[in-house]
Amino acid sequence: MPLLDVRNLSVSIPTPDGDVHAVRSVSLQIERGEIHGVIGESGCGKTMTGMATLGLVPKGARIAADRFHFDGEDLGANAARLRGRRIGLISQDPAAALNPVLSIARQLDDVIRTHRDMPRQARRAEAASLLAATGLPDPERVLKSYPHQLSGGMQQRVVIAQALATGADFLIADEPTTALDVSVGAQVLALLRRLVTERGLTVLMITHDMDVIAEACDRATVLYAGRSVETGPVGAVLRSPGHPYTRALLSALPDAAPHGARLAAIDGSIPPPRSAITGCAFAPRCPQAMAVCSAAVPPERGRDTHRWLCHLPEDAA
Amino acid sequence: MNRRNFLKTTALAALAATSARWNFAMAEGAGSIFTLAYPTSFPDLDPATSFSNDGAVLANVYEGLARYIPATDTAEAKIEPLLATGWEVSADGKTWTFTLRDGVKFHDGSPLTSEAVKGSIERTRKIGGGASFIWGPVTAIETPEPLKVVFQLSEPQPLDLIASAGFAAWIYAPSVLDKDNTWFNAGNDGGTGPFRISRYEPGQRAVLDRVDGYWGKVPENGFKTVSFEITEDATLAQNMIESAQADWTYSLPYENLEALKSNPDLNVVVNPSFETLFGLYNVKRAPLDKVKVRQALSLAFPYDDVIAAGTSGFGTRAKGVVPAGIWGHDAEAPIPKTDLEAAKALLAEEGIEPGLELTMTYSTSQAIEAVAGELWKANLETLGITLKLQPMAWEAQWQLGKSDPQAAQDIFVMFWWPTFVTPYDYLFNLFHSEEKPNFNLGYYSNPAFDAKINEAARLSGTDRARAEALFIEAQRMVIEDAAAVFMLDQPNVHIIRSDIKGYTDNPAYGHVVFINELSR
Amino acid sequence: MKKLVQRLGWPGTIALAVVVLFAAAAILAPWIAPYPAQGAGAPNVAAKLQPPSAAYWLGTDHLGRDILSRILYATRVSLTNGVLIVAFSLLIGLPVGLAAGYFGGWIDEALMRGTDVFLAFPALLLAVLMAAALGPGFLNSIIAVAVTWWPWYARLARAEVLVLRGQPYVEAARLAGVSHPRIIVRHILPATGRPLTVQAALDVGPALLTAAALSFLGLGVLPPTADWGQMVDAGRKFFPARWWYSAMPGMTIFLVALAFSVLGDALRDRKGGAARASA
Amino acid sequence: MELLRYILRRTVLSAFVVVGVTFLVFVVAQVVPSDPAALYAGPRPTAEQIEKARQELNLDAPLPARFATFATAMASGDFGISYKSRRLIAQDLRAYLPATLELAVFSTGLALLIGIPLGVVAAARQGRWPDRIGSFGSIAAVAMPTFFLAMILQLVFAQWLGVLPLSGRLSREISISAPLPMVTGFNMIDALLAGRLDAFGDAFAHLILPALTLASYPAGVAMRLTRSAMIEILERRHVVAARALGLSEPRILFGHALPNAMGPALTVIGLSFAYALTGAVLVEIIFAWPGLGRYVSEAILAKDFPVIAAVTMVVTICYVVMNLLIDIAQALVDPRVALS
């Protein structure tokens, strides 16, 4: 039974000029102990999906889904209760995610005190051990300092420590390495991997970077214009992508193109969030588009756990 | 009950405890405290230079040689012996001999002697401030015996009246003769009176404590402590007297007196005061240099309306500048009534066309003056005259008045009260010719008038009846010349708790309460 | 009307209505006041200190004059007081701020230090001092308050100019050889104008209150012309027995100051308005 | 140490401002038509007495010489004597300044206590009724004339309900028969020093109404400034992150968001203190509060310049010191600035 079971999730935000369909129809199943990557260009609804899971959508947003369960509980009603207890967040820019005027010790202590009834001294020790668990050298010095005194990597480790402090077993990592330079990003991904194995955590990794998917994730789901168009084990999705959009994404990568050749950019642009879409959202930009594509919703295709939505038959890759 | 609830309940309990007692009378210990809600502060507590409301405090701490008791419907006015038991004047009126009371002690324990009297008056004259000019005529003070003082004068003057003045006539101990103004203003004294100053907090209060061994009679359960609470705001003063936070106050709005009268806990004591309100015409500037124009303005003044609106009917029509209750008051003075037609005729006679503009200056702190101005302005409007009302702080008003008459105001409105009880104080200061204007701010100058009042002053020591006749003649000259518009005599309205016994008004000492005569 | 509500929101529109109403009252006072003569100051001693009644809707004052008429006539004084104070302050503050912000360097330093001295001077104290120096009177009380207010506008104007001076189009004009005054008048002034006028609208309320405080101290207009602050002061000694004497003008001051503040607020975060230049 | 250099620069600047203000007061004293000699000579002086006073005050000395004596006296803290009362001004200031400062501190405290929580709640419930009522309340507080509010508060709480005293700093029982020894001039502190709990409660009760009147304007401003600051802060990533960590709403509002909004709170302290120092003239008159405001307003009407100069000097120094402290506090509140 998947830890997070999402079927046909939609999130729309009313504005004076009409509703913004941030998420149109996303289905997502994440098993316990898995690092599941969610990838798509910016504006594809990947962050909003994460936020919906945490129940932190903007005021007035309407959430609907055929099924939106976390560990058997309906997230529509219980998101707030689960947030911070079972589900944690690691946001993109660690500097912005830490309170600039409060010391690290104070920020960590607040989290521990909210979730566990421990005397002051015990909380201080726990904070130090959590920081150590994230690989931070000299936790005592880190506790005494303020966020602006730490490097990007160290800040991200503090954010992770905060998430661990809540005792949550399911972490949503929203582009955790984008604000960091490559080497530090790699260490953070390795840390997440170690925490998953050691503490039996599960991670929903939101990213726009194929390398993160390749390096860190077990399974991946590709989003386009608010819809999940392909999902499956990382190996299958990368080596034999089923959906034309996934193929286009992969061919846009620098190392995929022969040396000196121009990267294959995908012409056209993603459909505006306020407009309705009929048929396959990618149809207008799909090189193998057929008449039926823009008329009917593409059926689901695929081989055992590697599924995608497309009118082309399976072997057309 | 965890810590936070405990704090909350104690705070609420404390507030409830303190709050219950604000709105009822002061605690029981108030019996022996006499509290005055006094509307002004006390600028100068030095007996030599004090010349303002500080007299109210000093009158209970210091004493003069004699005290003036005004006439009542039953008794004639008289000068009561105080530190002096008696006095005689020589035939030529230029030598006065005072015999002092035996056994009187100053607050520092030293005895009252002729040397102390001589020392006090000479220090007052040397400093030369406040009302020290009243001792002008004295050329020498001799002390033949410890209890006998002889004054030699340059010309006959009523020294008995001068010695009973409310200012500059205090006798103080030799030990304080060398002290400076700041020492006195820090709340120290050297008097013989029934109370001593125990504390003076500027802007807040002056507190006096009873002195044991006072020579005079002390009423049974008289007051041990007196507190002058400086309360400049009339609303607060009224609330204090109504809620028994104060036992005595004055200068409450006349409009509120009806309500106060109906309150059984309060006595509203109304007597004529020696304060009169008038407007001096600037006789040096056209068109007010013409008598008829001045008479016309006086005819246009709404006397009765001002008394009704300004003093709610408590005030009385002024009969010239010397108010009722003082010798030299002219009850039958030929004063004008409000008659707009007669005024119009006089203006036509003098060829005054509509559009004339006159400026009237008065004090911002005196509500009655504002009422008089606004009502007079309305009447003058019907005669085509625009009266420009100019309220100013007294210092600024007086400074404008003393500047060049051509640039000064047309009408200078003010109150006047006597330094000591003599018509000369009014007539000399306000109408006697002056090279540099000081208080004669209408710049009136009439040599015959000057000679007559000086003659009367000389006689007032030896032949008071003759002096009074001369003063009345002089006053009529001013009325004929219409040198000023005489508006009203301000009443003395003092409000006192009805449980206080022994209170009498003495207009000779403006707004002074002799607390030693009172008891609860 | 709908467009107005849409732009200023309901509170803003109501506030604008109140302001317009009082402006009309100021102009039409002689015609709409029940007792015009009394409004101008004519006493009516017989009807002294009467409570609100059919004859006198808001009661009468210590000279029997109808308080409603007095308030209407006083609107001319108090309202123009508030507006003129803000206008004078802008008149002095704007050029100083513009010059300081635009030219910078020692001019900026000198002007700003001068402003600091005025700002350091306790506002009401300086106003009372100026009023006492100039003597009471309508114009004097305005100058007295304006003397203490212009520094705020100088600072605001300088901040706006500093932001604008950095804009490319100003530098471009400069490079094109356009003279300083022309740049200030054609480019800087219009863009600084909008935030300052909004601030001015917001300040008419407080300016009105400062003027009322001055006249409460007896430094306002000369009798018999009335202004609201003076009326509250005159009625003070009859308070609370004859509460209406102070209450009516007091409420009027509050209402008008409130209207101006709400209007200023609505103007500042106007929907669809040009984005404000500075924070 | 960058902070030290900053303080030094600001002190020098403030000294310049204080000198500027002294000069301004002296100039106004010369320009304004007044006759100090007449004032000094007493309520009803004769011509000779005025002439004597003129000599004593050496009013005929040349202007620069008089400014020199005036400035040196000011600098050495010898404020001289009041023309009108001939009392030592320093003595009067010793009595009046603490009364004004006590009221200023109390009303500033009240303004923060009322304004800031309201601002936070209004920001948290933006658009809903607490925000609407709070915002309207703050505009009303700013628009309410102080002298009128004072009269209403006196009427309701003192005369009708009788739960609070009408006026003064201490009730008469205490101030007459058992006066407080003056140590700091702050009644509540002096009462504690003297171990007199009754006097402490009494002084507290007397402070409430005047401080509330004075606090209305700054409270309104505090509420509006805090609200707009909080609205911006609640959008920030670290607040979203805090929420994602499951922290309770009040802890996020007051524990995490508010500390970032200390800037506006400090500006309100400056504004409220300045307002209490000079705006209190009317409140002091109505509540018979023997403070600087009343003392200087009487001096201004009587053109008693030594008092005007002394009070202006003292108030300006308080102003300048306070602004300096607030600027430093602004820096200290934000660790990014303080520790850099």
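Per-chain numbering from 1; labels A, B, C and D assigned in written order.
In this text, contacts are C-beta pairs under 8 Å (C-beta built on N, C-alpha and C of every residue); 3 or more make two chains touch, one makes a residue touch a chain.
Chain identities (UniProt): D = ABC transporter permease subunit.
Computed from a predicted structure; not experimentally measured.
Chain pair with the larger contact count among B-D and B-C is B-D, by C-beta pairs in contact. If you average the Cα atoms of chain A and of chain C, the two centres end up 56 Å apart. Here the spacing of chain B and chain D, counted between their Cα centres, is 38 Å. Between chain B and chain C, the centres computed from C-alpha atoms are 43 Å apart. Remark: chain C and chain D have CA centroids separated by 24 Å (rounded to whole angstrom).
Looking at chain B, one finds that residues 233, 364, 393, 396 touch two or more other chains.
The multi-chain contact residues of chain C, meaning those touching 2 or more other chains, are 132, 218, 236, 239. In chain D, the positions touching at least two other chains are 159, 286, 301, 303. Contacts between chains, counted with the stated touch criterion, involve the pairs A-D, B-C, B-D, C-D.
On chain B, the positions that touch chain D within their shared complex are 14-15, 17-19, 22-24, 26-27, 29-30, 33, 35, 41, 43-44, 49, 51-52, 128-131, 133, 181-182, 185-186, 199, 201-205, 207, 225, 227, 229, 231-233, 236, 239, 245, 364, 393-396, 398-399, 402, 419, 434, 436, 438-439. By the touch criterion stated above, chain D contacts chain B in their complex at residues 33-35, 38-39, 41-49, 52, 81, 84-88, 91-92, 95-96, 158-159, 162-169, 171-173, 175-177, 179, 201-202, 204-205, 285-286, 288, 290, 294-295, 301-303. Of all residues in chain B, those touching chain C in their complex are 233-235, 252-253, 255-256, 259, 305, 308-309, 364, 367, 370-371, 373-375, 377-378, 381, 388-393, 396.
Within the complex, the chain D residues that touch chain C are 13, 16-18, 20-21, 24, 28, 31-32, 136, 139-140, 142-148, 151, 155, 159, 274, 277-279, 281-282, 286, 296-297, 300-301, 303, 308, 311-312, 315-316, 319-320.
Taken in their complex, chain C has these residues touching chain B: 41-43, 45, 48-49, 62-64, 132, 135-136, 218, 222-224, 236-239, 241-242.
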